[in-house]
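Multiple structures follow.
What follows is chain A paired twice: with chain B in the first complex and chain C in the second.
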Partner chain A sequence: MRNSTTGWLLIAPTLFILFITGFVPFIYVLVVSFFDWNTFAQNPEPTFTGADNFRELVFDKAFLKSIWLTLKFTAFVLISQLVIGLFLARMLLRNVPLKGLFRTIHTLPLMIAPIAVGATWRLLTVPGLGPIPHYLKSWFGIDYILSRFPDQAFATVVIMDIWHWTPLVTLTLMAGLSNLPEEPLEQARIDGASEWRIFWDITLAFLKPVLLTTIFIRLMDALRTVDEVWMLTGGGPGAETRFIGLHIWRVVFPKTDYGYGSAMSLITLYLTIVMCWLLYVAMTGMKENKA
Partner chain B sequence: MSRVTLAGVGKSYGALTVLKPLDLDIADGEFVVLLGPSGCGKSTTMRMIAGLEEITTGTLRFDDRDVTVLHPRDRNVAMVFQSYALYPHMTVAENIGYPLKIAKVAKEERAKQVDAAAKKVDLTPYLARYPRDLSGGQRQRVALARALVRSPGVFLLDEPLSNLDAKLRVAMRAEIKHLQRTLGVTMIYVTHDQIEAMTLADRVVLLNDGQIQQVGTPDEIYDDPQNIFVAGFIGSPPMNFVQGQASGGRFDGPGVSSLACPGSGALTLGFRAEDTRISDQGQFSGRVFEVEPTGESTYVVLDMGGQRANLRCDKKFRPALGSELRFDVGAGQCLFFDTTTGNRVR
Partner chain C sequence: MLKFMLATSAIALALGAPARADFWSDAGAKYQGVTIRGVSESTPPSNYVKDVLAPQFTEKTGIVVEFETTSWDQMFDKAIKDMEANSGIYDFVYIEQDIIYSYLARDFLVDITQTLKDNPDLQAPDFKFEEFTTFIDNFRGENGNIFGVPMEAFIKVYLYRKDLFEDPAHIEAFKAKYGYDLAPATTFQQWRDNAEYFANLSQDDELWGTTVQASSGHPAAFYEFFESIAPTYGVYDWGIDGTTYAASVDKGGRMNSPEAKEALKFWVGLLEFAPPEATASTWDEVASTFAAGRAAQGWVYGENAAWIATNPEKSTVVGKVGVALPPMVEGVMEAAEKGEGYIGYYDGGAFGIPHSSKNKEAAVLWLEFIGQASVQADWAVAGSRVVHQATYDDPKVQEVNAKADGYFDLMRDKGYLFKGAPEYPFHAQVREVVAPFIYEAIVGTMTPEDALDAAAAAADAELIKLGYAKE
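Moving on, here comes the complex of A and B:
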């Protein structure tokens, strides 16, 4: 009993901070989402509107488009980062020349703040100043103008995110790969499996917990990407790279539509939870169900 | 099944030699146990036979086929690891059937062969379970079934019983031996447990410091050791050793005088606890240091001038601590070793 009390006392400060910084704001957002509240409107006072904000969201084309763009972005970056990260992790665990140097250079982007990454890429891509538009034009004859071509803007945002976050995937997968038990892999080799087959049948299965964790982290990060994109494209051209985070920011701050923005945040949170849950079930539940 | 021939097979890592070139001929259907203390090179030898370690020198042949540089999958060997190396995400049936799946055996045929292998090791009721739902002994049997299902030329077992409790180890030992006899397969078994080696093997290969110390049947290894290491490693309790001097065909040492012996100079006398007999007129003597009843017999530990010796006595025998005890060693049971080289002196 005494131990239990001491335990609670010890974690009380953490619980208090979490309550103040996590739970209270969440409840606040939840409450606000049922109000029409815009401080610059004719009636700046919050007005209870029930589920109106949520009803409106279902038909909000801009919101739905930002959701679609975010999902597309997430799918592109997640798959690319996993494939590239896994390839690099396997390569860096072998005895390749200059691997230490490459590993250091490869890890550098991780240490840069997202806003700085966005600023750097903006400098790289500004027409008339950045090297990317210059060389694309002189070598391949491609007109590269982010503010004009939506596909180019979207692809650049994806590439920037891959450049920034693949090192994280590489590092976590390297940790996972270096902790694989040797004997099942050797057993598979004796059983006659090729290296590719061993990777597919055995290595991936052992790597599943690390993969799952990495995917969760990157999925949640990708779904809430704001600063890099805001810095690089500002969500443009038009709204072609306006992901959900940027969209909510625009509604809540410049437009000061707090109620509607809160409803959007809640729906986004809900979508994130559902996606994570589906992913978890897909990756852990399939085998058990099959059995 | 295959005959396995190691001709000058050795292993080095740069300048460090971990296994000196060894020659060994394992007959078709023979059960050979590689025995030795940790780090003696027995597992390395087995891994080289499996193809998991590169052979630095020499050649390895299965029948007349040179397999020295072949990939493990091309050697037609099956291996059971100490940790069983089961695939945790596959059911028992999938584990057993994995080598067949790799070999692209049709599904129906695969199921048939998996059933047959499972039956041989009494695993039929557990085919749908996952390894985590099985006991240690059952996991061991899954690993055996997975080895059996391929009908390999050579079976390799790397300390397969080490992770089991003592009782299960004895039971599984008998099962493995029975399986080998029934199927008539060539089996190479690595262990550091001499009891396992003695009970299982047709022939024991005793290794130490990366080289073979002796190859022989369990009886030969036990009764006729070629050097002091073999004599001391095999047997529980280990052989008693008394260091002394020999001249004119007579050996003198603490607690023993004028014992007929071959050779001369610094010799070590060796005798086993069970070859001793308490006798008032005995040629050997020592003071009782400790008495250890085991139920079926009593071991008396004697102090022979600072060197300890175990005697196996009647289970009711209880000598007083510190008393002097005389005993004899059976005719022909005294072995002599050169104290400097450790080699047997005959």
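Moving on, here comes the complex of A and C:
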């Protein structure tokens, strides 16, 4: 009993901070989402409108487009980062030359703030100044103008995110791979299983908890990407890279449409939770089925 | 003996009395060590404030000025959040001419006229509202009082490369191709022909026909179209009716009128002859493009005219810059002369004091300091901005004026033909719903006609939602 009380006392400060910084803002956003509130409207006071904001969202083409773009972006970066990260993690656990140097360089992007990553990529890609458009034009005759061609902008944003966050996936998977038990792998080899079979049926199966954690972290990060993209493309050209975080920011801050923006935030939070839950059920369900 | 005693007493009194300082050290004495904080966009005039005026003020008054110069978006974001939350982070904020109406509607700002009346000891001898140009009228409230001290004002002019337009080889080649003389554009067709000619000179050179402030993800594109291009086609105030707040033609607005569509078609059509960075260009990049010698002509914010024309460390076109009024359709000049229209954008801004400021008196002293006549000329030379009538005639300004092809004279003599943004309290709200359609037209995912139809419908819907227009 005493232990339990001490435990609660020890975690009380953390719970208090979480309550203030997490729960209270959430309730505030929840309440605001039921109001029409734009401080630059003729009536700047909040007006209760029930579920109108949510109803409007269902038909809001700009919102639906930004959701679709975000899901597309998330799918691209998540799959790419897992494949490349797993490949690099396996490679870096072997005795390859210059392994240490590569691991250090590979990890460097993780230390850069997202806004600085966006700024760096902007400098690399801006026409008339950046080396990438210059060399693509002079070597291959390719017009690489992010602000004019939506596909190029989207692809560059995806590549930037992969460059920035793959090292995190690599490091996490390296930790997971280096903790795998040796016995099942050795037994499989003695039984004559192919390397592919060993990887698919044993390595991946043991790696599943680490994979699941990594996927969750990256999924949530990708769904709320704002600063890198804001710096690189500003959401353009047009609205072709205006992911949901950026879209909400524009609605809430420059447009000061607080009620509608809050409703968007809640729907996005709901979607994120649903996606994580589906993923969790899918991955743990697979395990149970196999068992 | 009496004389000796009197003389001794006089000397003793003189030595014992505190030294007679100037107004600034006297007025600043009460606020010694106070730090006032401000935020503005990083522009040539703001950077002069940060690098020159702020240290001078601190030296004279002992009041420290922390001045943050950042991007345009961030500046508004930070200032508005601070004022809305009443947090008191900033003691002075940049108020662009176009946002003042929103700020006044929200009662964000301190009445500077009233503050000086209430605190006569704060009145600086060298600060007088009547010395400012009429631009200061943009910062008056309904009671006629001043809510912001102007710190920059300029017009968006047509800049062209004199060396290219006066080159005999180009004059001859142009005439052979188009059948008329090469000259700075006075019509839109001429602008297009000039642009096409210079853009197609050689595939390998780094010269294009025109600048276009057509960032496909930044409001700068919205501003160039609605505040510089559309007015020259006779579409004023963003095409929104100032009494009914209707945008679409069906409801009485002009945002999607044939003239507006023609203007957008012309402007978007120029992208074919613009450098590749045009679709990523805000006002800063347009100035850089012109200064780098990458465009033969363009609409350029006047705050950049002086450095482009005179600073060889930053500009490759020093001594080659021509300045003129932009082209316009028939009737627009006449309307502007009568005060019924305008031919382009008169931009600028002031520093105002938020109600949330915790150091209002010290901030008032600071605003008076930057509003003195004595600091204006050097500031005008550094940032091509003029807010005092007398600044135009200052020898230093006249020297730059000569090198900048008479930019300051043009602003003084023709400034009245230009106009700032319309007095809408819903400035950012309408911009945010309209701008995406301008981006679509730039990228080519919508035709200019469709983009403006959709933009007008979106503006109407937003204005109804905000309560300004009727269903």
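Just so we're on the same page, the second predicted complex is superposed on the first by the 287 of 291 C-alpha atoms of A that agree within 3 Å, B and C clash if a C-alpha of one lies under 4 Å from a C-alpha of the other, contacts with A are read in each partner's own complex, and residues count from 1 in each chain.
The criterion applied here is as follows: a contact is a pair of C-beta atoms (placed from the backbone, for glycine too) under 8 Å apart; a residue touches a chain by one contact, two chains touch by 3 or more.
The structure presented is a predicted model; accordingly, all values stated were derived computationally and were not measured.
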Partner chain in contact with A:I202 - chain B first, chain C second, else both or neither: first
Contacts of A:D191 with chain B and chain C, given as first, second, both or neither: first
Which of chain B and chain C A:E183 touches, first, second, both or neither: first
Partner chain(s) touched by A:E45 [first = chain B, second = chain C, both, neither]: neither
Broader residue contact with chain A after superposition on the shared chain, chain B or chain C: C
In the complex, chain C residues that touch chain A: 73, 76-77, 80-81, 84, 102, 105-106, 215-218, 275-277, 279-280, 289, 292, 294, 425-426, 428-429, 431-433, 436, 439-440, 442-443, 445, 465-468
Chain A - residues contacting chain C, complex: 36, 38-44, 62, 126-129, 133, 143, 145-148, 150, 233-242, 250-251, 253-257
Interfacial residue positions of chain B with respect to chain A in the complex: 50-52, 71-73, 77-79, 81-83, 85-89, 91, 98-99, 102-103, 128, 130, 146, 150
Complex interface listing, chain A residues touching chain B: 181, 183-184, 186-194, 197, 201-202, 205, 208, 287, 291
